[in-house]
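In order of appearance the chains are A, B, C, D and E, and numbering begins at 1 in each one.
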């Protein structure tokens, strides 16, 4: 394993995208940063620009209007990048599956490395998901 | 005109290698202390190094509309200048003979180059958010430059020379600048200016993660981002050393001075980090007003006190 | 020369996708162009294809933070249609869940607001104090989020009597923490500098735009559905409506902080007044008619309008989240501010875009209208079990 | 203002153009004709000092019922004003010039039900995706019944399979 | 003919030729001029080796006792200035060859340039104040003509320029008269006037006004921004940026060093320094908010004069050296900047900052030269601006003039800020949709820019060279070589050469980091990151003019008001002395009938007479 990959495991910078979720997943992602869970212990920080990201946490069932942006977003991310689908809607569109404006789930459009289920997944689940994805490197 | 030993100085100690490692460790101290203030555990000590190495393995993306050469070259220019500033500071501290008559001015100027290179890099990225960040960085630069220069000049006035050698000798003989009223006031001003120079809260307006999504370095990725971050880390290391040199008797690696030097350094870093963690970000016009208002008046007061002999 | 600064749709200040076009002149914002619809999932029309009892689960997912408010308003709408009264214990449990949600939502906003102005310490502290609230919620409802506690006629889950005593000390601690946090915000000069006089939305404009909740109350516009249109046990508990005057960001923060105390007061009263009893009234059939459910969510008044045609699914279900009214006020309050403030002002109404953009229809392609009888449901369940059995048999 | 007085004043002003009904002491429904629609809203909002809350619409077969909710907070009751825009081409005067807050609501109703609000300052669809066709009004009964909704999903077959295995259909009474 | 007459007469005679060449043949006229100036430049080079040379003709004697001499004196200072006047003349003519191609400008442009060179040479070489005044006036007139050849709005600008310079020339005349009446001689080398008495002070102030008006310092600066927009950029680069600075500061230095005795720390000295410091700050503040490149540069042309006046006026040797070196450096980089503005104007057709952007890839040479010049003017080490500014700072520190020191350093920061804006709006940033087929300018235009940029680096990295060759002998080396003197600038750690090499090594280190990483191959992304959206390119193009709006608009009412007044011209000496100026304009208007040939015939006749007298005396 190369040094840079090893380092990547120690420093996953997270960029978080909501493609039309009910924003509970997003709150739980933010919750991961806060004192009780503190993902910075593992070197993970939330970044503001996609160019700095190593891990994309994508929640939501992908609405029509978000779809082109989502694809573009994936192109704009510097590789290697890991994509994690968060929540029931992220993985399988969840309860919104039948909505006319929903074109998801996202793995039809971009490669997804891991699915974290739950509505919403607990912060512990999210952390464990990130760690598992990184351990596959 | 070129003594090869300077290349060694520049590359290893106290130049690039030393500064980079020390700077990265400083950013770790920053993150750790911030985490403790926020009731978190914080990252392990090797975190900044892991970040750097990881970024080297990432792809570098140049957006369309940006000039590839310029876009990638600017952070490097900043890095070179920051390293040079560090080297001049450390050499003057460790071997005072290497000082020259104007090095305070030189160092002040050289320390603006990383900021300028960041601005030009952001400008070259042609990203509107980046450009807003760049314009804020520039406004901030000339806002804090005025009080910072006056604060540093209080020392220079007392010493009567721009040379670090003279500054250090003067402090060794007549006590550190912090021992006088004017010195303390000037130091406070300089701390705030440092806060702005290092883009720490409350003056991280150019980066403004939540407003501009990274601001001036929004488009940088991979190795280029690593250089940008390294740049910031080095500046985080250089500025406290500059303050110590100008106001607090400098750094010496002889006998128990080793301990006091490190303590001084850590104390200043912790002050900076604490200010960072107890303040929200201000607006750019407030920042300019702050530096041209209260800080300017304070620094002038320090200068007047220095002229009066306090 | 006016230029445009894009904020969003995927921007760190917005947890949800949202797009503002700031028309700027230098750093000054001359106009704001809001484009919404990013999280438009068509919930209103999805709910026309869910049974009356399934809808609470759907409307819970209108918005993650208001996941008690929407079901609450929905069940009140249906109960308004039915004209029934809910058992007292259920009323109190509903109030507890609702007020806990308000508490967690306001703390969340305070933290995020701190994050927006770069004050990460406030962010971390507020979210640290928010965790015990979630713990109580988990104890009361079984879930951290999406509590699934409301149902037409009552609540789904009773609160064990022996757990109640354990909640009081946490509430006391919360009170103290909230005092600390309030003090930190109200006394910080830099926060004053950043938020006072920023994004002012006065009383008159509040009325014009129909602003709701803390956004309106910060501007002195006195609306609070808990007092004005009391539902369930809200007329049995004692609380104050917090009002401020200036309508700037600072007042919006203060209103929310002070409301936290009121929430804690309400929860405590509920816990004290609660007596053992039924938790759900019998509901058999929904007659044709229309009902209006109003509930004061953390962000303002939630309004659910349901119309029944006598079937087992709503014929029309209109959801109006408070953010729908509040976000529109941005076009007034952002104008003339700076880029740095624009983000803060838009965040200060505590926008919830997921809430705003729920309208829509279902598209099942072939025939989208069906109702399920009880037998159908049983059959479905059996089929599913069979399916799973087969799958396991294969493996 | 008390409920009875509101009812009286509205009846005085608009006569037989309005019909007033009550489902409970907290809910008052006023049915109005199209031509006094703006006047009624303005009268309630400006003269009787009702709060403006929001609007909704329901698609009946012959037209779209548009309603606005105007609560009287101090007296604890809701007034709902309703009107009926007849199909085809349902058209109503816009009240967003009287009440700014109605802007988005009317846009949303326009987008969903194709009710044209005359005099609206900026009648664009509110939530429309950029690639959605112009003449697509998702909540219209016709759209729903004739299944003419464009399907932009590229997983047609997979979805069709899913739908094929869906629960048995019933008729909506 | 005497050796010293060549630089005056050759350009003057060569200047007659282009008058007879039609518009279409202006390239020929240019080449002839180029040849003439090149010859004079070589002459000036050889003159530079000579230390003392004098030439004297008695013109006439007033009242039998007061002789008026046409006396020329070459010594180190004037030889140095002469050399650079011819050098800039050469570059400008070369640049103009390319710049004027395709422009509807008559060949007489070269006539005026040549005559300007001739008059400048005369002004520098003369040893007689009255003769100096005559040449000074001729320069003003020629500038008026040159401005009048420019684009839209030139009449008004030219009138303003002529009025202010005319007023200052009148002040000079007063000073010359006072000196003549009181001291009986106008020979500069013989004068040594104490400034203790009122007469001396008045005479000094009068001449000072003449010098700073030419150099363009506050409050007599406003002609520079006024002519900036309509005038051809090479003319701006030639006159306000280079030549007028050289002449104005030359005169000022002569006044301070030779003609008058100025005590360090005296009221006059403080007056000069105040003028200098105020000029630095106010002009750069105005520059910060300009929307037009040429106007912005012109305000910098004003601002930089402040450093020179500050340095020379302080009377402290090291500061004087700094001031004079800054004069030279300023001529170099400011010339380069105006030439770059010309290149942009030539290719894009506008210098409005709002309409420019992204030219770095299209005009790389212009970009790099502008960048170097911009860093130099901002005083960033290791370029030449740093050295001269630092010498001024050192001088201020020696004199304990803390206020002026702060003003100087702060002015430098603001200069940097406004050039960041320039670099952003011109070269980086986003390309406006209209700019597609932009090419780099011709080599004849590139060459002067490249040469000036190289000089910026050379004079910065090897500052010792110009200092020892040109500047130190003027002040008289002895006093400076000691203690805190210049020599030390090249000692110690700050060795500009060493620093440059180290910075280059640092850049190599950075490149090695890139080489070791994945940056070897970069990926080009179609879009920038703006939250995943795509927007119209023109709408999100943030021009540089948005950069400092916060400072002008939001800071506080006093500040905003000051900027608004500044835009309107409240700080403008032209408006302050509006009544006087207005009257003067009327008089001048009456004298001028506006027909070019009338003026020309007067000038030609005058020069002919002069030449006749000189040659056959």
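In the analysis below, a residue touches a chain if its C-beta (ideal position, glycine included) is under 8 Å from a C-beta of that chain, and two chains touch if they have at least 3 such contacts.
Being a predicted model, the structure only gives us computed values, none of them experimental.
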Intersection of contact sets, chain C vs chain E, gives A, B
Would you mind checking which pair of chains has the most C-beta pairs in contact? B-E
Closest chain to the overall C-alpha centroid, by per-chain C-alpha centroid: which is it? B
What's the chain with its C-alpha centre farthest out from chain D? E
When the centre of a chain is set as the mean of its C-alpha atoms, what distance in Å lies between chain B and chain D? 60
Where chain A and chain B are represented by their mean Cα positions, the distance between them in whole Å: 35
Report the inter-centroid distance (CA atoms only) between chain C and chain D in whole Å. 23
By the touch definition above, chain B meets two or more other chains at residues 38-40, 56-61, 128-129, 132, 135, 209-210, 212-213, 218-219, 222, 284-285
Chain D touches at least 2 other chains through residues 129, 138, 149
Shared-contact residues (touching 2 or more other chains) in chain A: 17, 34-35, 47-51, 63, 65, 69, 73, 76, 100-101
In the complex, the residues of chain E that touch chain A are 525-527, 529, 532-534
Going by the contact rule at the top, pick out the chain B residues touching chain C in the complex. 34, 37-40, 128-129, 132, 135-136, 201-202, 204-205, 208-213, 277-286
Which of the residues in chain A end up touching chain B in this complex? 2-8, 10-11, 13, 34-35, 38, 40-41, 43, 47-49, 51-52, 54, 76, 78-80
Within the complex, chain E is touched by chain B residues 1-3, 6-7, 10-11, 16, 55-68, 70, 72-73, 75-77, 79-81, 83-84, 87-88, 91-92, 98-103, 105-106, 108-110, 112-113, 116, 119-120, 123-129, 131-132, 134-135, 138-139, 141-142, 145-146, 149-150, 153, 156-157, 160-163, 213, 218-219, 222-224, 226-227, 284-285, 288-289, 292, 303, 307
Touching residues (chain side chain C, partner chain D) in the complex: 36-37, 40, 42, 44-45, 80, 83, 207-211, 222-223, 228-230, 289-290, 292, 294, 301, 303, 305, 307, 309-311, 313, 315-316, 318, 320, 324-325, 328, 357, 359-361, 363-373, 376, 380
